[in-house]
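Naming follows writing order (A, B, C and D), and every chain is counted from residue 1.
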């Protein structure tokens, strides 16, 4: 069976010329060629065509008039990889039955799932787009970037904290270091730390994950070094509370109420604690800037924070703050990716409409390129 | 040599692990499936050790508070005591929770505290709605109307008063808001892919800190 | 008037908290029983139990822990009430170790209301480790999966289980689930093989994901969230936690809606209000300093 | 009723009220609850990590099943701990590299599958049907979804100036976003309210005779405690006030004008 991890066998056979709903196919299975054979399935002869299978054209022969049945391992039937098994198919009308020849098959695991080839293709396309844009940006660094209001406010928030002599609270989200949101949040932390170092404002970063804490310590230290203020760096600006969701939330809420930070940053990925944190912060009158790709929590940040970086803007933020050609180039690449998908969706919808209107199957191969096959 | 260990090796490892586990998705072979399960165990083990860093940091913060007798240092003592008692009870129970002291601590303190903290959301949802949902601009008005329609259509009384409210709320959720969510998701995914690519190819390396 | 408007806009949020607390507490103590439309998927669970003759075996698996209690506990109460009323032989169990104590409490509680005797009219098998494997085991040999019930009595000797050797002899299974193992496990490892009828009750978060199962008939009915529990209570004519909860839901929702509407009305009246047109530089900014309610310690401003 | 259950009910009811007192304002009851919560949850995590990770996933498999390769993650874990020794703390980067590399690699194909392919696939719906109605409700919805997805995507374009047609599209996108945020907010209210109901349910249960009226007694005690605390605080403040005028808000608004 193509594209699986073994443990199953695909049977296909040419349809008999006299198919009809009254006729039924029976599939038999045996561990030895001589038998005994047990019946696995029985279905009407006008069903189970190979073209019925939900598989893409590039990895699947979709010709009509070929029947197909997949034998999978179950609790009673264990197909071992590399061992031959024997199958036969019979056609019956209830009284008479016509048996086909015995065929043997060996279940084998595959090395590549061709059903996912379009996924791989997209990955290659996007990677190339990003890498090309980066190298272009290195040559011509002056690319236009539209404003992201939340980012202008970062400077303002830090300035206000400095003026008021109060600390800045920065959260990196609830995910661990392997999450992209966390990585984006730590990159922005580096930029924020550079500003706090220059202005000598206290920075507080409570953590839920010890590894993220360790990484952030490195990043903040580096930022202070770059800003020429290694003396102002404090090891305890990054500290650990607990890995538990709501006790962490309670403790951070406590910090907000007692130490009254002038600005709260919520970057990274959040779960239900989002509103508990942001609403408490809103109550203390702090400037709040959020940035998250947790789409379910966005509504709560939007309603409680002064500025919110929505989804993708979180990833873009580091590019804006640093203006490094590499990062700006990445944004350009992302935009090209979006344009590509946008155009694909318009064309795809037109094709789907024509297809539905005229009843033609001609565009199915194109549309299948944008389907997720397992 | 140290330069290799300090910079090249980490970047090389990132590249290797990144490429390997991106490729893993396309390989259905049992070996590749096994590797994914295995590495998730690895991450848990690494995190287990890393937790020592966290515990040290927590203890340090509260120790400093107790030592310098800052206002409210007594609460730091609460942290220490409750942590030590829980650990002691936990080891006494051998990590088992049914019918042991650890189970008691879990049911009557952790669950109660967690449930209450979580339920504060119910109150905060109300106060956030009250403050934020004001028709101060056209966008804010759209936000407000969508939220009210949704709340109205989700409860029996609303549906009873206006029978169309339920289906309307469903339509709002499954059509208009689905569209926006899709847009956000596609945007996020492109940003995520770009970030991943940069990390795998060593273009983005700030997570390693230091520039040596 | 304008002063009042300004005052309401700066309403201390603790006033809102009090309103929400009251709107929750009062209906819980004195349920009104606002009308609720019963959805067909809940009705089908009810109808199936209704169609079982007295003495049929009904298995209720309480696969949830205290975290999901608000939604699933009322369902358990309603289903048990119904089953005892119909004089079914009620067998209960759990696949979640953290839910054992709670499950025991609800089962013995409802049973005593109906004067049902443990072991004779109903049984609580308790928890057995292994997740979905327990279901497979039960399908083969119930006494092997649960050698003794929760109270340590041999299951083989329980009169209520007379003639029930495996899941094949069970007429109806309902799993009240807050995750995995749950309804899906009961379908995949149980129903598909041993051919009993299966119904499900789940939290509101999980329910949408189970509708495909409902369409294909893999489960015959579905009770979703607190609302589903309330619907079931209507069907059996009982004013329980579900309906009280729904009253509380309605009350809190209407308080929030009312507050928002009132506040917008005053907002238009309040001095200095301009309905701003689109400002691309700050399309999503929603809070500004003047709209902030006072924080606890800056209350009087 | 068992004594442990009775004590448990009192403890649970008390802690619930302590945490709820946060709604009034930050106070000693909440501070106690908060710190206790941090301590207990950390202690519980330590116990769970010891038994579930260290014993079950590491020690057991290595010592009993001979899975020696699990010593590699153990080594990587130990490398993280080099952060205690500044001189060799760079060794911890090796572990970071493995975690971050794994995370980025695993993410790409899965993001493409669930956030791109599945979303695009759901959007590609015919806008006309072959039936007699030509353009029905399903087609209208498909058109609206397509419009929403496209305009929201346009809003997220960073390197194109938002003017002309782009500006109009982006603005429509903003409206779609607003509908989403509003609807998602409204949708969640219900789930959050069930949580409040759940807690209140427990409090009502603990207020019963079986539990010796735990919630009622504790509610009175906590309220009294808060009153006493407020009085004490007012007095202390009255002493402090002449020397330290409070000026927080006015100063803040001064800064805020630039926002």
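In this section, contacts are C-beta pairs under 8 Å (C-beta built on N, C-alpha and C of every residue); 3 or more make two chains touch, one makes a residue touch a chain.
All of these numbers come straight from a predicted model, not from anything done at the bench.
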item	value
More contacts between chains, B-C or A-D	A-D
Of all other chains, the one whose Cα centre sits farthest from chain A	C
Centroid distance [mean C-alpha coordinates] between chain D and chain A, Å	20
Approximate Å spacing (C-alpha centroids) for the pair chain C, chain D	22
Cα-centroid distance, chain A relative to chain B, in whole angstrom	16
Chain B, residues touching no fewer than two other chains	22, 25-26, 43, 46-47, 50-53, 55, 58, 72, 107, 111, 113-115, 117-118, 120-123, 125-127, 129, 131-133, 139-140, 143-144, 147-148, 151, 154-155, 181, 184-188, 190, 192-193, 195-197, 199, 207-210
Residues of chain A touching at least two other chains	116, 119-120, 123, 126, 176-178, 180, 183, 210-211, 214-215, 217, 241-244, 246-247, 250, 257-258, 282, 285, 298, 300, 302-304, 306, 310-312, 316, 334, 338, 341
Multi-chain contact residues (two or more partners), chain D	19, 22-23, 25-26, 31, 33-35, 37-38, 40-42, 44-45, 80, 83, 95-96, 99-100, 102, 104, 106-109, 112-113, 116, 120, 123, 146, 149-150, 153, 156, 162, 174, 177, 180-182, 184-185, 188-190, 193, 195-196, 198, 248-249, 252, 259
Complex interface listing, chain D residues touching chain C	23-26, 162, 167, 170-171, 174, 177, 189-191, 193-198, 200-201, 204, 248-249, 252-253, 256, 259
Residue ranges of chain B in contact with chain C within the complex	97-98, 107, 111, 114-115, 122-123, 125-127, 129-140, 143-144, 147-148, 151-152, 154-160
Chain A-touching residues of chain D, taken from the complex the two chains share	19, 22, 25-26, 30-31, 33-35, 37-38, 40-42, 44-45, 80, 83, 92, 95-96, 99-100, 102-104, 106-109, 112-114, 116-118, 120-121, 123-130, 142, 146, 149-150, 153-154, 156-162, 177, 180-182, 184-185, 188, 248-249, 251-252, 255, 258-259
Contact footprint of chain A on chain B as seen in their complex	22, 25-30, 33, 43, 46-47, 50-55, 57-58, 60-61, 64, 72, 113-114, 117-118, 120-121, 124-125, 127-129, 131-133, 143, 181, 184-188, 190-199, 201, 203-204, 206-211
Chain C to chain D touching residues, read off their complex	14, 17, 20-21, 24-25, 28-29, 69-71, 204-205, 225-226, 241, 245, 248-249, 252-253, 256, 278, 280, 283-284, 288-290, 296-298, 301
